[in-house]
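You will see two complexes here that share chain A, one where it goes with chain B and one where it goes with chain C.
Showing the complex of A and B:
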């Protein structure tokens, strides 16, 4: 037990320590801001995983919710004088409510039909953002979104301070997803993904379970979007557009669906790779496409999932009878 | 119960006596599983009623029927292969727990208490079905027979009053069938659960049941104690007819 605990602490502590040291070691504002973007995206990818990985539905409106969260914070802080700290809960509440209402209709369908329905929702969200110019700035988007106000002695004007705040939100998100999945609620999610029939037969309200998962997923997307708008200082409609959902989906598939490190690993890896390949920008999809195909063929559980399998094989973890 | 123009189960009037074992038999396509699906709330019947004791449960959604005490298993067990046996069975306790998302994130005392109790009760159900020592094994790695037992443990974990078993012995050998027969008997005798099963294995039915109903083409053609059913000419005809077709 003791050794297992040490191993687990090391598995958690090492990446966290690396993340804390990162801005001090690289000392490069550009790379730090890339990391900030990657972290806020990863938060939204965790939301996608709650829905796809744990209850088995794919929402193509996910970036739409990311956009809604970002715009609500952006509009409230730059036009209505809200502080980030009050705008954030409002953004989460608005997006959760929107998710709930959309879920009531969308979750009458499942699987492919659900994906198509939410694709339409995703397209509509972008159209509303682009056309409601008075509120959203139309295709130009919003600029000059202020950083969060300081809390006591903690000020968030420097890039490094912002980096640490986003990191704290990311750690919080990972904790929430972990706690959820290691709980009776999480077991219920997995039971529904495995077999709705069996879940219903043991008294689980599968409709409510799907609804809950969809709302949590939308709220995490909104959290990512709100942080994105605040720390990049601007947001445009393309951030909430359907291609962004597909990017997030690629990060998730490559990292590993339904694995706790999966969304983070996939997002950092692919966003990092894209940064390294900016010189070949037009060809990134040509590089990413084959990588995705190879990962799906050889590592169906994603890179993080495969790492876990290898780890268990090496340490003689879970075995059959 | 109708599907479009097809009547799958028609005027089947069946009383399942409490605390006893009732078997429903009949050739393939006789409507046995459809009958179960109506009783368990998976299909709402076009006409007719389902009563549990004196409570009308007709047309209630299946999860509510389960909460009222009717548990069921499926012809092909639908367990989650990538999770452990225990994790599969704990899900059967969900209807007795109230923990929500906030309990989960805050790791509340209620959550800890419920999680612990669920684990205990699930282990209890597993050892009752004789699968206690498989608790930590992945379902993917256990035998077909063990899966049947785990599926029954999962249904028992809900603490049902009535247990519907859809071909519990399909796909297992005669020796294993004997073991399962005695398990089902002890569910009835020791736990006092009313059992209703659909099965093709005649010897098992004759050994096990207090009461047998025979369906053919969606209608009940005979009903009575096993020794009477065994010699009923209409029943023999139905089965011979089915064999001639095959």
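Showing the complex of A and C:
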């Protein structure tokens, strides 16, 4: 085991250890619940990154899929007596299917047309959620969504237990994205992003690649939404609305697109800052807007992109990558 | 029949506003390839300038419109100078995200300055014109006439002036335009300013007919994008025809089918156009 590898393991282990110790050290239920919200949002932001970072398409319906995942879990658990553990796979399946069907139409377009098309889809999802009052509770949303049922001796009624469960899902999500990017499928994603013509020329089915990336992205959004609904106990149409997609986009761009730590770094940093600066809540958009523009112009790879350059310099570069 | 005529006139008035907003959007896209999400914020800001001039300053409506057009032309030009100039050559998705950042900033600023409430704007023209058994408010007559005048003005500007021809040259070939000695940076600023003027005319005309609020541009920009895609990105006639078509479809569906249905029409149209004819109904050509 080389020194560089030890350092890399430390770079992975240290944040995980910090995350595990966090609720024990701060011992503040409010901050722990903020962290829970940030983690479920980060899971969805990873989904956005799979699409934007790795295949180069911007979906503005992302929060819509987050909302669909949350609503399916909320409706099944509070109205139909499902347990969270059976409702979750249903939510993932429903959202993936919806994503697949929308992708069939949306992916006839690319780039700016695709973003506008998905923006319209995002608006339509919210209109359906608001109008289908019998099922979704309309603009009031759903309340009293139960937390996950116990698995054997593991009970999820305490806040700290919920925190660790969400942390486990977050680690799982990061692992899935990491494994995906180091697989042949992940490499075809990058090939399609870098040049669709070239990718097609070497025999990649670019249509299927875009479709797969879009469905994975929707499923990760749904996972975030499902966890959001069960841990916050309520869900409203706002969480599926287009401004929520814009927030996720800000977290992703600032954290760093197409990098493994990027979505988590951006989400924790910006959500943390917004909590710390509640006095400036009124000015959030006035501040985030110019930051987004500056990031696009000067740091298109975000904090993680800049950090990676620094990290590789410190660890002596990546060998054989 | 009276109801139909009445709704036809209302649809044409709404279509005039849609077409003006879509024209500014399609111009910037056609010439500079910028999908400018912040265009809706220009329209919103124009309505607020009219609100301030009428309500706080007590100026006459004509002066309010003039102030709004000048202010928004400058804001549009600044947008190019401060943001989009530095994004030349980036992907459309990068430009779009930057435009979203500008939109956040402008909506956030309006929210801080005027608050999130819906504000009524004083109606400067409250008379009613009666013709063919239908009643049309003078404001709607003004909307239609001023919009048509603006479109004729834009046409003359693009086809008959050197400035307009240099804009067209840039739309056709940026490098070529540079080679024959056109100051492309100046033309880019001008294009954004003209796009701002069009948004300002639309916002100033609609303000007395609706309530003004910080997010009012978000709904309209989405429809403008639908229109521009419908008409073909970058096509001037496409934006005009698309604007009137969408507004008439919405008004008629709202009258004869159901009001809730009318707000879904734009999206249904978008889905159908992109699925069956992704390049739009008209060919591009500024």
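Everything that follows uses one rule, which is that the second predicted complex is superposed on the first by the 309 of 321 C-alpha atoms of A that agree within 3 Å, B and C clash if a C-alpha of one lies under 4 Å from a C-alpha of the other, contacts with A are read in each partner's own complex, and residues count from 1 in each chain.
Here, a residue touches a chain if its C-beta (ideal position, glycine included) is under 8 Å from a C-beta of that chain, and two chains touch if they have at least 3 such contacts.
Keep in mind the model is a prediction, meaning the values are calculated, not measured.
K.L.:
Look at A:37 in the shared chain and tell me whether it touches chain B only, chain C only, both, or neither; answer first, second, both or neither.
P.N.:
So A:37 meets neither chain B nor chain C here.
K.L.:
Thinking of the overlay built on chain A, is A:160 touched by chain B (first), by chain C (second), by both, or by neither?
P.N.:
Neither chain B nor chain C is touched by A:160.
K.L.:
Contact-wise, after the overlay, does A:113 reach chain B, chain C, both or neither (first, second, both, neither)?
P.N.:
It touches chain C, and chain B stays clear.
K.L.:
Looking at A:306, would you say it contacts chain B, chain C, both, or neither? Reply first, second, both or neither.
P.N.:
Touch partners of A:306: none, neither chain B nor chain C.
K.L.:
Classify the contacts of A:234 with the two partner chains as first (chain B alone), second (chain C alone), both, or neither.
P.N.:
neither
K.L.:
After superposition on the shared chain, which partner residues are touched by A:200: those of chain B (first), chain C (second), both, or neither?
P.N.:
first
K.L.:
Which partner, chain B or chain C, touches the larger number of chain A residues?
P.N.:
Between chain B and chain C, the winner on chain A residue contacts is C.
K.L.:
Classify the contacts of A:184 with the two partner chains as first (chain B alone), second (chain C alone), both, or neither.
P.N.:
Only chain B; A:184 stays clear of chain C.
K.L.:
Where on chain A does chain B make contact in their complex?
P.N.:
175-176, 179-180, 182-188, 190-191, 194-195, 197-206, 212, 216, 318-321
K.L.:
Would you pull the chain C residues touching chain A in the complex into a rising list?
P.N.:
Where chain C meets chain A, its residues are 35, 83, 86-87, 90-98, 100-109, 111-112, 218, 222, 225-226, 229, 233, 260, 263-264, 266-267, 270-271, 274-275, 278.
K.L.:
Show me the residue ranges of chain B that touch chain A in the complex, using the header's touch definition.
P.N.:
So the residues of chain B touching chain A come out as 40, 42, 61-64, 66-67, 71-74, 78-80, 83, 87, 90-92, 94-95, 97, 99-101, 103-105, 107, 111, 114-115, 118, 134, 137-138, 140-142, 154-155, 157-158.
K.L.:
Which positions of chain A touch chain C when the two form their complex?
P.N.:
Within the complex, chain A contacts chain C at residues 52, 56-58, 105-106, 108-109, 111-113, 115-117, 119-121, 123-124, 127, 131, 242, 246, 249, 253, 282-293, 296-297, 300.
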